[in-house]
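By letter and in written order, the chains are A, B, C, D and E; residue numbering begins at 1 in each of them.
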Amino acid sequence: MSRIGVFVCHCGENISRTVDVERVAAEVGTMPGVAFATDYKYMCSDPGQGLLKKAIQEQKLSHIVVAACSPRMHEKTFRKAAESAGLNPFLCEIANIREHCSWVHENREEATAKAVEIVGMMVERVKKNRVLPTITVPVTKRSLVIGGGIAGIQAALDIADAGHDVVLVEREPSIGGHMAQLSETFPTLDCSQCIMTPKMVDVVNHPKIKLYTYAEVEHVEGYIGNFQITIRKKARSVDEDKCTGCGLCMEKCPVRKIPNQFDCNLGLRPAIYVPFPQAVPNTPVIDREHCIKFKTGKCGLCQKICGPGAVDYEQEDTLIIEPVGAIVVATGFDLYSITEKPKGSSIKGYGEFGHGKIPDVIDGMTFERLASASGPTGGKILRPSDGQEPKQIVFIQCVGSRAREKGISYCSKICCMYTAKHTMLYKHKVHDGQAYVFFMDARVPGKSYDEFWRRAIEDEEAVYIRGMVSRLYQKGNKIVVMGSDISVGVQVEIEADMVVLATAVQPRTGADSLAQKLGISYDHYHFYSEAHAKLRPVECATAGIYLAGTCQGPKDIPDTVSQASAAAAKVMTLFAKDKLEREPIVAKVKEAGCVACFYCKKVCPYGAVEEKEIRDRQGNLIKVVAYVNPGVCGGCGTCQATCPSKSVELDGYTDEQIVAMIEAL
Amino acid sequence: MHVEKQKHDFEPKIIAFVCTWCTYAGADLAGTSRMQYPANVRVLKFPCTGRIDPVFILKAFQQGADGVLVSGCHPGDCHYIAGNFHARRRFAAFRKLLEFVGVDLNRLQFSWVSAAEGGKWVEVVTELTERVRDMGPMQEFKELAMEEQWSGAINTPELQEAYNQI
Amino acid sequence: MQKYLSQQNFTTLLDKLITEGKRVVAPRLNSGTVLYEPLQSAAETVTDQLPRRSGKEAFFPLCEDIMSYRKEGQQVLLNDIDPARFPETVLVGVRPCDAAAVPVLDAVFSWDYKDEFFLERRRKTTIVGLACTTADDACFCTAVGLAPDNPKGADLFLTPLEGGGYACETYSEKGEQLIQAHRQLFDEPRNSTALPLAQPQTETVDLKKVKAWLDEHFEDPAWDSIATRCVGCGACAFVCPVCHCFDIVDEGTEKSGKRRKNWDACGFWKFTHHASGHNPRDQQPKRYRNRIMHKFKYYDDKFGQILCTGCGRCIRLCPVGIDIASIVEEISKK
Amino acid sequence: MTHAIDTSIYSAVTDAIRGEAQRILSEGQVSAVVGYAAARRKGSAQPIVINQADDAAKLIFTPACVNNLAVYLTKAKKEIPKTGKIGIVVKGCDLKALVGLMGESQLKRENLYLIGIPCAGVLASTIQPDKELTHDSIASKCRECDVHLPTGCDFLPSQQPGTPELEKRYAAEIARLETMTPAERWKYWKEQFSKCIKCYACRQVCPFCFCEQCLCDRNKPQMVETTPRPAGNFAWHVVRAMHLAGRCAGCAECERVCPMDIPLNLLNRKMAKELKELFEHEAGLEVNEKGPLASFSEKDDQSFIK
Amino acid sequence: MSTLKYSYYPGCSLHASAGEYDLSTRELFKELDIALVEVPDWFCCGATPAHNVDELLSLSLCAKNLELAEQVEGDLAVACAACFSRLKFTQHTLGENETKRTQVEKALDAKVRLDGNVKHLLDILARDLGLDKLAGVVKTPLKGLKVACYYGCLLTRPPGVPNLDCVEAPTIMEDLLAAVGAETVSWTHRLECCGANFTLSRPGVVLQLTNAILESAKAAGADCIMVACPLCHGNLDIRQQEIEGVYKADYKLPVFYITQLVGMACGLTPERLGLEALIVDPKTLLKEKGLL
């Protein structure tokens, strides 16, 4: 039978003023299982704690209840004291008779009776408490970064600089992401490539960074501190170790007219190519869809002329397993496409803007490539249709963004600024040209942002028209833009030479399937969800996985870099200890009763529940059950409330403990 | 100055199931702010409303509660991301069931009380206590607990006495 | 003693017994279902249907308290239930299959241990039997040696007569006492013919052959084909007039509670589940085998009687159509 | 006056099931077929598991084939051989249960060979099985059936069942109860639950009560009184209804088998109705990975929360 | 052949200026064996002006007509794009807004029925009947006829209300014409507003808008225009000569109703289609294409 010790605190007069603490101790002392009950002026003081320790040892107490202030105040204090007296800290419970009793009631009789009941409840509860050992989880101090855009690069460099190994995985043949495609960046108009490419080179040269380009995450297993990542390295057809990056193959390739996606299909590239001249690594890849060798078996020119013999048509996809302890997801964004969308898609496209069929109606990224000195036009703003310089150019903002009827209701956050930038770049290049911007309202908060936007209007003479465009259509070689100016209430019709659409920022296609592999949650649009919008903005609910950049929501470069560094800092915090220690308030599966319905898995906000096979000694499968990974479990107990047979139990809040309290009432 | 408390013939027993991060902390704040409310409520702390099994509510009524309060974090504030969303669905369904079997839902209150809402805690508890006090004791479950199958019933004075006491 | 009891006087008799403070238990309608239950008035009696549950409940309640406990400080206070407080009962309208069950149960409850809970209720109960005039194809009392007019177990037995009223015969002291106490309601026997009796369709089964087979076939593939479909509920045992297994549970809180005796059923998975986790009857056919063995072999071995009165309730109510009559018949033909 | 329901197709359906069962067993496509066979009592039927092609001739389909055979594929019933593919005869309502079990990771579609039944309805009760199927004797669930022809089966006889429009009794009864005061409803259910003898037939036939250890069989702590007293009975049925909420596929087996005639499916129908109104969930023929109470939407109703 | 049955709401225009739309609709449906039963005692839907003046009135007018339509078996077939828009809009608004529904129910002293399907003729022809079936009954394919399909602003808008087709890039008219063998042109002003009833109050505006439409159709090489709305028809057909005068243009674009062109393909005589009622004479064009 249990020998429970009860310690009733006066808290100076805070409790004893309204609660008759002596009477509480006396009444509780007669309760079944209570071996010792006393009261003391300040239980949390050194002598108070000493009293508690002494009683545990002398009275051979098996459990203790401290009736004092809220457990949020001193639960840790008393559990520590109990522990130092040789009692498992989880055999100590706090009865809150201050915040929940003496401070909120004035009637001494009522307050005392209530205090007795509160303590009685905790006495019954503590009888059912079990010894809980602290949980430790080993940590592999290597990190995976998914995505080699600016977010991934920044996170990888920060973690590597702190001395930890990083595995960086990029889907495309080169790192750089969208930022490498940009011409100049707001609000300073410095050249994007000038600030980006040195970082790319840092990555490839960093001794702590292992870079996989043209590779994707295939499979993820494990949990915080102990992930096993399977990476699919797609067949590049060029041996990265042998290739010197001389570029001869690209010069000689007979297939030359493949639209280059990096240039938004404006420029052309050969079948063996690097996406752009500053690519990292500077190793070409063969586009097997277009390569003659792969299509017909003939040609083979690149292999013949390659001095080091790096071209390898036989190369196959390889799967590589990397153990890591933390994951930074930095997969970036795609732009909304105005083309007709398949039936059933929540994204609608823009029939009124021609569904993408008018050649001189382009999106912002295409404009970036036109404006980029390294772009297909060498930095000249020219119409894709006929190569003429547009003299009247119309920019339309909020295309897709903030348009519920088009499937997206959020603001893409960066378009106001980059459109302002576009008008400037345009004016700098086409001095006699006129830029018009249709906008709903300008959202330009940020350091030097508003000033930048005003400069576009005041210095660069962009005409901002507040209103939306209802339709545009090709008329001869002009594009008629029909819109309204709601500030003066008139219809506006502009015959433009070119139209630039500030299309919405969307998560990458396939973001959902990566999330499913990682076991992280995502919103309706497939942006990844942070654990807490305010207080845990870079962590996923799934422990050990962190978010950086636009995969979590639209953001500009400064915000992206900040978040990437924050994610890196979180990884470093995790890596600062060899073992992860955590409170043992975690769920455990009682395997005998588990019927593997996996309701627990369905409701677990942390993805902590796994499927486990139970086999006999011969290896025959007996049954499959749920298993809660104690390293990942957050301790909410939703699984237990959901489990039909109550075969999963949250330590510290077991049904026995709770029912004991209810029955004590 | 002490306001003399009104004496009531019946003081209901109210059981509150609350989450530790929001409502328990909100109740702590009510204490720290020295707000006053009826002493009828007994608080059971859970990590999260997601942990609260509907059976506990039933059990509370069976054990003599006259009113039950379930309270947790506001939507979006859950310390465990989504426990309160699961709880919201569960209780939306469970209260309909209780209503269908004849439990007066005026005895069962759900609320969101954040760690900053000491005042709301007081308001919720006071309102529920007063409402249930006006309704009188939760006779249904108490009577049910005393009822026997005819074949097992015996005319014992002690049973009769116990019955009379409720 | 033979008497005639008119329909009118039958009703008057029950009402009188009720006013005398006796508990009169008879078939009555409870939200759509006919059950043996205490009457508030004789008018509630339903005599044309076999009640869903058997009459054993009057002696062997579905659930009864046998003890209560309370903790006070470090002490535990115990309180026994006093059988003296069981009410005087008259069980009326009991069908032959239910009445015949009572002497069968006497055997087990007064064997090495005298179960006072059963025996005291038994002593305080007078059984008024009633012959059957209807039967369906689940009835098989005739197959187990009983009949629609067999008075076994009854203290007083009523046979419905053409033109109303009952022929009434006593079979025990209790029966005689009941008539004596209300003799003004009983008339001298008349010459009216009895209503035609029910004709259960099942043939007579050679129970000796059944037992002989059971003696030899604890392990037999037949058990699988008989009971693979059994879903393991307790419906058959709970509606059976002679199944008598019970479970003792303590219910309550840390502070106080009751020790209770509840009906149990061998079909339940938990019935033989050991604390160790081991279950000797780990599969449903093994549990069902026990049901048949107990009824037609073990009880016979021990008490020379079989544990079945052919009421057919388990046949009608089995969720998966397990038909004990056809099983026994089949075994007898093996 | 009771109208007969046309069940003339059932004999052709029987032939079709036999043929298909014979074929899949003899071709070794399945290791067993779970179906219905005739039993001793006139008009009666019982579940049967056959392993031999020759036994296919035992299979039948009649209005007395009331059982939801899905229960035989659950973990609570381990006796059915679990090796290889199993054939099972399913009515539309039974199929919904199978689909539910697939969503709860209890069954895999590829391990099943589904023999669908074009079903015009079955009897409400088989206490007396020798009955014609009429507007009165038909099961209440059949009165609101929307799956007379189960879809997505591996085999479905071509017969078309007649499906007369019948009054929806559950809906009417729920509406009746809803108009009562809480006290009246309490009285109604108290009377019903008081009849309960805790034989657990409702649990044992339920395909969704597949827990190997029922919560209500546990005693540390005892969440629900096991004693068949009114209090324990009440708790048992409320807890069971809650556990089935959002999962129950509506086969109404609990109600059919209750030896005490407790209208258990009313509770399940009520919960189904509420979950449809609250969360637009309905048991159907699509495998649903997350039931309504295992998922949530941020926009869920919270008008009941202060 | 067909078992399609509809209640039919012609709307006021079809009893007046657009009599040929009504006539051709009835004749075509008769030919296709689709039953149309006119809604008994129907009245004006309030058209485009009513909702600008009194929303409750406009909703009630439509709600009452919807209620009347319930007396006839089948979905409700509507010919006029404006009536279609108003009826759909009413269903939508009353379905979403309980307050307004309560008001309307009070005004009508009846429960509002929102569950009936309201269908434009286009929907019935292209989907209920089906393009394949339609193609099967074509007797004179409209070969060589280049048609500019004009949707106007009401048929598909606003998003989420009529749900007839893609809001900004519908194809239902083009699909319909392809089925009867006509050629359709790709042009820019398919969904622009014609000015509708401003034709009386602000004719200047209407002339400008309508001219842009005609100009675009002509530029795309169309021989004629097909419409599904009597208001559009009025502006494009009746006003065409005036427009040509004001803008010094030469369009000569006959403006057909959908039912007229489809009817023609199904072999209906010009009399049954009311072709003589058209202001811009189609005879020359039709003769030229061998269709007359």
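What we mean here is this: a residue touches a chain if its C-beta (ideal position, glycine included) is under 8 Å from a C-beta of that chain, and two chains touch if they have at least 3 such contacts.
These numbers were taken from a predicted model, which means no experiment stands behind them.
Chains that touch both chain A and chain B are the following: C, D. Put simply, the chain closest to the centre of the protein, by Cα centroids, is D. When the C-beta pairs in contact are tallied for A-E and for C-D, the bigger tally goes to C-D.
Using CA-based centroids throughout, the chain positioned farthest away from chain B is E.
On a Cα centroid basis, the chain most remote from chain A in this structure is C. Centre to centre, using the average C-alpha position, chain C and chain E are separated by 79 Å. We define each chain's centre as the mean of its Cα atoms; on that basis chain A and chain D are separated by 44 Å. Chain D and chain E, compared by their mean Cα positions, are separated by 51 Å. Chain geometry summary: the mean Cα position of chain B and that of chain D are 35 Å apart.
Shared contact sites, meaning residues of chain C that touch two or more other chains, fall at 62-63, 253.
Within chain B, contacts with two or more other chains are made by residues 54, 59, 63, 76, 82, 86, 90, 148-149, 152. The full set of touching chain pairs reads A-B, A-C, A-D, A-E, B-C, B-D, C-D. Put simply, chain E touches chain A in their complex at residues 158-160, 166-170, 188-189, 191-192, 216. Those residues of chain B that touch chain C in the shared complex are 63, 148-152, 154-156, 158.
Within the complex formed with chain D, the chain B residues making contact are 54-55, 58-59, 62, 75-76, 82, 85-86, 88-105, 109-112, 124, 140-141, 144-145, 147-149, 152. For chain D in complex with chain A, the residues that touch the partner chain are 75, 104-106, 210-215, 218, 220-223, 243, 289-291, 293-295.
Touching chain A in their complex are the following residues of chain C: 71, 73-74, 253-255, 277.
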